[in-house]
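Here's the structure we're looking at; comments come further down.
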Amino acid sequence: MLRIAICGGSGYTGIELLRILAGHTEARITAVTSEKSAGKSIHEVFPHLHAYKDLVYEPLDRKKLLEKADLFFLALPHGASQEAVHFFFGNNKKVIDLSADYRLSDAGTYEAWYGLPHAYVPTLKKAVYGLPEIYRSRIKKAKLIANPGCYPTSAILGLLPLVRNKVIDYSSIIIDSKSGTSGAGRKADLAVSYCEVNEGFKAYGIGTHRHTPEIEQEVSNLAGKKVTVNFTPHLLPVDRGILTTIYARPAKKISESELRGMYLRAYKNEPFVKVHKPGVYPNIKNVRGTNFCEIGLKLNERTNTLIIVTAIDNLVKGASGQAVHNMNIMMGFGETEGLRSLAIFP
Amino acid sequence: MLRIAICGGSGYTGIELLRILAGHTEARITAVTSEKSAGKSIHEVFPHLHAYKDLVYEPLDRKKLLEKADLFFLALPHGASQEAVHFFFGNNKKVIDLSADYRLSDAGTYEAWYGLPHAYVPTLKKAVYGLPEIYRSRIKKAKLIANPGCYPTSAILGLLPLVRNKVIDYSSIIIDSKSGTSGAGRKADLAVSYCEVNEGFKAYGIGTHRHTPEIEQEVSNLAGKKVTVNFTPHLLPVDRGILTTIYARPAKKISESELRGMYLRAYKNEPFVKVHKPGVYPNIKNVRGTNFCEIGLKLNERTNTLIIVTAIDNLVKGASGQAVHNMNIMMGFGETEGLRSLAIFP
Amino acid sequence: MLRIAICGGSGYTGIELLRILAGHTEARITAVTSEKSAGKSIHEVFPHLHAYKDLVYEPLDRKKLLEKADLFFLALPHGASQEAVHFFFGNNKKVIDLSADYRLSDAGTYEAWYGLPHAYVPTLKKAVYGLPEIYRSRIKKAKLIANPGCYPTSAILGLLPLVRNKVIDYSSIIIDSKSGTSGAGRKADLAVSYCEVNEGFKAYGIGTHRHTPEIEQEVSNLAGKKVTVNFTPHLLPVDRGILTTIYARPAKKISESELRGMYLRAYKNEPFVKVHKPGVYPNIKNVRGTNFCEIGLKLNERTNTLIIVTAIDNLVKGASGQAVHNMNIMMGFGETEGLRSLAIFP
Amino acid sequence: MLRIAICGGSGYTGIELLRILAGHTEARITAVTSEKSAGKSIHEVFPHLHAYKDLVYEPLDRKKLLEKADLFFLALPHGASQEAVHFFFGNNKKVIDLSADYRLSDAGTYEAWYGLPHAYVPTLKKAVYGLPEIYRSRIKKAKLIANPGCYPTSAILGLLPLVRNKVIDYSSIIIDSKSGTSGAGRKADLAVSYCEVNEGFKAYGIGTHRHTPEIEQEVSNLAGKKVTVNFTPHLLPVDRGILTTIYARPAKKISESELRGMYLRAYKNEPFVKVHKPGVYPNIKNVRGTNFCEIGLKLNERTNTLIIVTAIDNLVKGASGQAVHNMNIMMGFGETEGLRSLAIFP
C-alpha cells in the first residue's frame, strides 16, 4: 500500500481527498495535517468521514512527515505551498500540489498575478501540469505534479480539440464560467455566508481572476503561440460544480458534425471526459461528486459562432479527483481506481 | 381609480401583477381570470395575497370583462394572446400584453420562431414595444403595449448605450444569460421539479431560444441595420432573477470611463436603471422583487473586450413590474407608483 | 415626521428596519450607526437600499444621537444594548430595543441564561414586552419596548389562545421550531457559511436555547402560574422564516372546531395574525418579507393531541416588522403603516 | 454474480438502486423496467448513470423477467406492487419490495390507511419487515422483504432502545419529521415544482400520513402492546435527507448517560447506526448519499423529557440502500458491500 500524507487536510479539497481515498485499494493515508484541528480525530471534526476514526490531525512538521509517507498531497493556500513542495520534492518524495504555486511555468507571470515572487524556480521547472488529457505521458514519469485549477480544467478541456485542430480564431475566445460556492474554500467569510449567497448570482473578478494566466498558458502551449482569453467567473448558489460556456469564432468553415468528430476523437480513450449528442448539454448536477467532465457543443450557423459547454465538479475533476487520477497515473495504478462512483442524483 | 382586469391571473406573472397592484394608489383590480381556479377566491389559491379576500377568479368571458375594466393586462400563453389582445384593443380598451404575441413587429419573424402565423397583423402594427428606456414617448400615447420579454429586457438595457453610441462591432455580440426558475412559468413539469433543478445548472436552447429575434429586433432598430446576436440562456437554481453577461468588441478606441459616461448619460433620468461604480457588479439578490435594472461594466484592456453585466428580477422588470411601469406612463400616473418597495435582502 | 435613529444598522435586523421604514409615511430616518461601516453611505454598503443614497453610517456617539432623533431602534448585540437603552430612555427618548436585554423581567433569569448581570434593573422594570397581540394597551403608553425574540413570537402566538382558554395540560408543551439562517445574524462565521448550511438541516441548542425563558415568561404570565416548555430550534437552509410546530395535550375534552373558534376570536381584530381553515397549514414562503403570522391547527383524535403550526418571517414579525408595529402603536400611527406589502412569491 | 431485476427503474428509488449496485461486486443488474422509457438506454435517460451504457429499459413483462433474474427489487407505486410481488414470490424468486404494500402485516390496517384491500394476504404473511436492526435473523432466511418506509426507518431507529428498555411512557411519543423533497418521488407535480418548494417550509398530512401505522406497528411489536404515536411530516427545501426529532416522557428516573448507554449497546454491532457524543446532534448533510443513520440524544431535566434526533438519507437508508443491505443479508454477502462510500460534503 502506498503511504500518503495530506498537508492541509481540513479544507474542502483536503476532506475531498480523504473521501475519495477512503475507497482506494492501493493507497492508505498515514498522516493528515491541520494546524487548527491538530490533536482531534478526523471523524470528530468531520462526522461524515466515518472511515477515519483512528486518524488524528497533526501539525505540519515536515521532518516528521518525511518518515510517514511516500506521496504528499499538498492542499495548502497559495504561497504557503511553495516551500513545502520544494522540501518534500527535494527529499525525494512524490508531490501533488493542489495550490497554484507550481502551475505557471513562468515565474514572472506567477509574480504578476499572485503578487509574490517564486522562490524555487528550479523546482518549478520540474513540475508537470497535471491535466492527464494533455500530459499523461509526462505525468507517468513525473515526481512533482502541479494539479490544475478548477476553472482552468473546465476551460481547457472545452478548448483543447478546437485549438489542436486549429479551427478557431484565437482572438475571439470568451470563457463564461459559473462555479459553486465550495470553490471559495472553507472559511469564515461574510462574502460566502449563507444569506449572502443563497438566492443570489453575480459575476466577480472580471478580467482579473488569477486562473486567467493558467488558461492562457495551456491554450498558448496547444496553439503554439501566445493567446489571451476573456474569462469571467460567476458565483452559483450551489455547493459544487462548474459550468463553463465557451464562445469562439471559427477560423474556417466547419460543420457541427465535424466539430463533434474532433471532440469524440480527442477524448475517445479518456475515462473521465464524455461528449454529448447533438442538442444535449451538460448539467453540473450530473457530475456532482464525480471526476467526469461532460461536454456539449453547438455551431450557431446564424452567427457563425462555436459554443462549447463543459461541466465538472470543482472539488473532484477540478481538484481532488484529478489529483488522485494523477497519482494513479504516476504510480501505475488503474486510472479510475477510487474514482468510479456515480453522481448522487438528485 | 382606474379599473383593471388581469387575464391569466394564476401564473407567476399574473400573481406578480396582483402583488404589485395591491399597493397602487390609482388603480384597482376589478376582474381576474383563471380557467382552472374559476370560482375560488384569490386568497384561497394564493394564501400570501391577503389583500384579495373578496376578489374571485372568473373564466375569461371577454364580453363580460369589457364592462368591468378600462385597462387589460394579458398574462396568457403565447398564441392564446393574439385573439384576446385583438378583441380588447378593438373594443377601445387599453391593453398591456405580457405574452410574446405582439413583440415582433414582423409577422414573418414571429411565425418563423413561434411556429404559428400571426392572424392580426393590422393590430400588431399598432403595438408599441414597452421598454420605457427606449419608447417612453410612444408609450405615453399607446393603446396597446407589447410588454418586453425578461431576457430581452436584460440584454437590451445592457446594449443600448453601446449601440446608440456606435462603439461596438455588431458582429461580436455575445449575450450569456442566467435566469431563475420562475421564468419557466407556474406548471406541473418534471423539468422544473425541485429535485431536478436544485443544486443544478445548465444551458438550454443554445442558439434557438425565442427571445433571440426580440433582442435582435431592438438592437437592429437602435443600430439602424440588421444585427444578429449570440444568445445563450441558462437555468439558475433560484426563484427569481436574470443576470446577463454581455461581451462585445469595441469598434473604436474607448476608455472604461468614457464607456461608463455613456451609461450614466443614457440612464440618468431613468428611475429604474442603476449604473454601478468601477469594479462593482450587480447581484440578482439586490434587485429581487423590484423593478430595478442594475448594470456593471468593464473594459478588459488585455483582450480589448467590453463586458457588461445586468441584473433584473425576471418577474418584475422582466414582466409585471415593467407592465405596471408602462401603465403608469400610459395613464400619466407617477412612473414609480406601486413600484417603490426595496428588495427583500436577504 | 417622527425622527428615527437606528443603532446597529448594518446587521440583518438593522437593514430590515431601513427597508421597512423607507415606505413609512410618518417617520424619517435621521441617523444610522455602524462602527464597521462608519463614513460609508448606506447605499454603498447595501446596494439594494436605493432609498438611502444620502444617509451615511456614523459611529454610535450617544450624545450626538440624542439631538438627531425622537425614537431609537436599538439593533445591537445582547449585552451591548443594556447601557444604550438605559441612556436613551433616561434622556426621555422613546426606545424600541431589538436585543434580548430588556425582555426578561426577572433580572436573575436574565443572568442565568445570558451569563451576565443586568446593570439597570429599574429601567428593566419600565420595559413593556412588545407583543401587540398581548400588550397593545400597555404598548400605547410605553416609552421602552423590549421587542420580542423571533422564536418566542412564533411560539407565544401559537399558544396564546390555548393558555388563555385554559384548555391544555401545561406540563405537556413541546415547541419544535425551524428557523431560516438569517436568524443567526450577519457575520463571518464558518457555521453559517453557504456550504455548511445548504442542503443541510439540524437541531441545535436542544433544551438550552436562550429564547426558552422568554417563551416561559409569557406563557406563565398567560397561565397565571409557572410553566416550563420544551423548545427545540432547528436550522433551515432558507434565508428567512420560522415554522413552529407545537404539541400539547388537552386538559379537557375539546373539538377541533371549538379550538379553531378560540383562535378566530383571539385574533379577529389582529391585523397581522391569520388563522387557516381546517386542513390548511402555513408555509414560511407565504409570509416572507411580511409582518404576518399564519396559524394552522389540528386536533389529532387518535392520540388526543393538539398540534398548532405557526409561520412568521423571523426578520419581520420576528424582529423589525414587529418593532415598527410597536412604534406605530406607541405613536398612534395606523397600525399597518409601512407594513402592508405582500409576500414576494415565489 | 447474482442476477438482479429492478421493476420501476426510472423513479428516484429505482435510479438510486442503479447507482448503488453499480459498485456492488457480487450482483449484476440484468433487467430494468420502465413503461415510459422502455426502449431507451438508462444512460440516455439519466446521463449521470455512466455505468449503464448498454442496459436498456424494458416494459414490465413478468414472464420474460422471470428468466432474466434471481432477485427482484420492486420500486413500483403502492397498490401496483401487490400483484407483482405475489407473482415473483410465487415463482420462487427472492423479492425486495420498496413499496408499502407488504409492510403492514394486518391487511385491515393496510386497507384503512391505503384505501384499497390487500388481495394477497397469504403472501403478505410471508413478508419480513426489512429493518436489519430489528429483524436481521429473519431477513437472513426471508424470501420476501417489505423494505421499510423512509420516515418509519428514521423514527423506529430513534425509538428502538427506548422501547426495548421500557423507559418511556408510550402515550407521550411525538415524532416531528422533516424530509427532503425527493421523498415525494420523481414526477411532474406543481406541489413539488422548484418555485413552490424553494425557500419554503411547511407541515403536511398532520395526523394522517400513511407512514403512521407502519411506525405504530413496529413500536407496538417492540413494546408488546398497542402504541399510538403523533407523527408530523414537514417538507424541507433540500434534495435528500430526513431529520426526525422525537419527544417522549421517561416512565422512570433515568440519566442521560444511562440513556446513551442503551443506544450504544443497542447499536454497537450495527454497521450503519452511529450514536453521537453528548451535545452533538446529527445533520442530514453528513449522511447524504449514505446508508448511515446518525442519532443524537438529550435528557431535558428541566422538563423531564427525552429528545432523540435521527438523520438518514431518505433514498438510501430510507429506501434503496436499506434494500441493498437486506439483499446482502439475505444472500450472505458482506453487509456493507456496495454501501461503503462516504457522504459527499459539502
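Each chain carries a letter (A, B, C and D) given by its place in the written order, and its residues are counted from 1.
Rule of thumb we're sticking to: a residue touches a chain if its C-beta (ideal position, glycine included) is under 8 Å from a C-beta of that chain, and two chains touch if they have at least 3 such contacts.
Just so we're clear, the structure is a prediction, and the values are computed from it rather than from any experiment.
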item: B-C or A-B - the one linked by more C-beta pairs in contact; value: A-B
item: Maximum centroid distance from subunit C, chain identifier (CA atoms); value: A
item: Intercentroid distance (Cα basis), subunit B paired with subunit A, Å; value: 39
item: Distance between the centres, which are taken as Cα means, of subunit C and subunit A, whole angstrom; value: 46
item: Chain centre separation in whole Å, for subunit C relative to subunit B (CA means); value: 37
item: Residues of subunit C whose C-beta touches two or more other chains; value: 12, 182, 195-196, 198-199, 237-240, 282-283, 285, 288, 346
item: Subunit D - residues contacting subunit B, complex; value: 12, 181-182, 186-190, 192-199, 237-239
item: Touch list for subunit B against partner subunit A, complex; value: 171-172, 174, 176, 178, 195-196, 198-204, 206-207, 228-230, 232, 234, 236-241, 243, 245, 247, 281-285, 288, 296, 298, 300, 302-303, 305, 307, 309, 311, 346
item: Subunit A residues touching subunit D - in the complex, by the definition given at the top; value: 12, 15, 19, 22-23, 46-51, 182, 199, 239-240, 274, 276, 280, 282-283, 285-290, 292, 294, 340-346
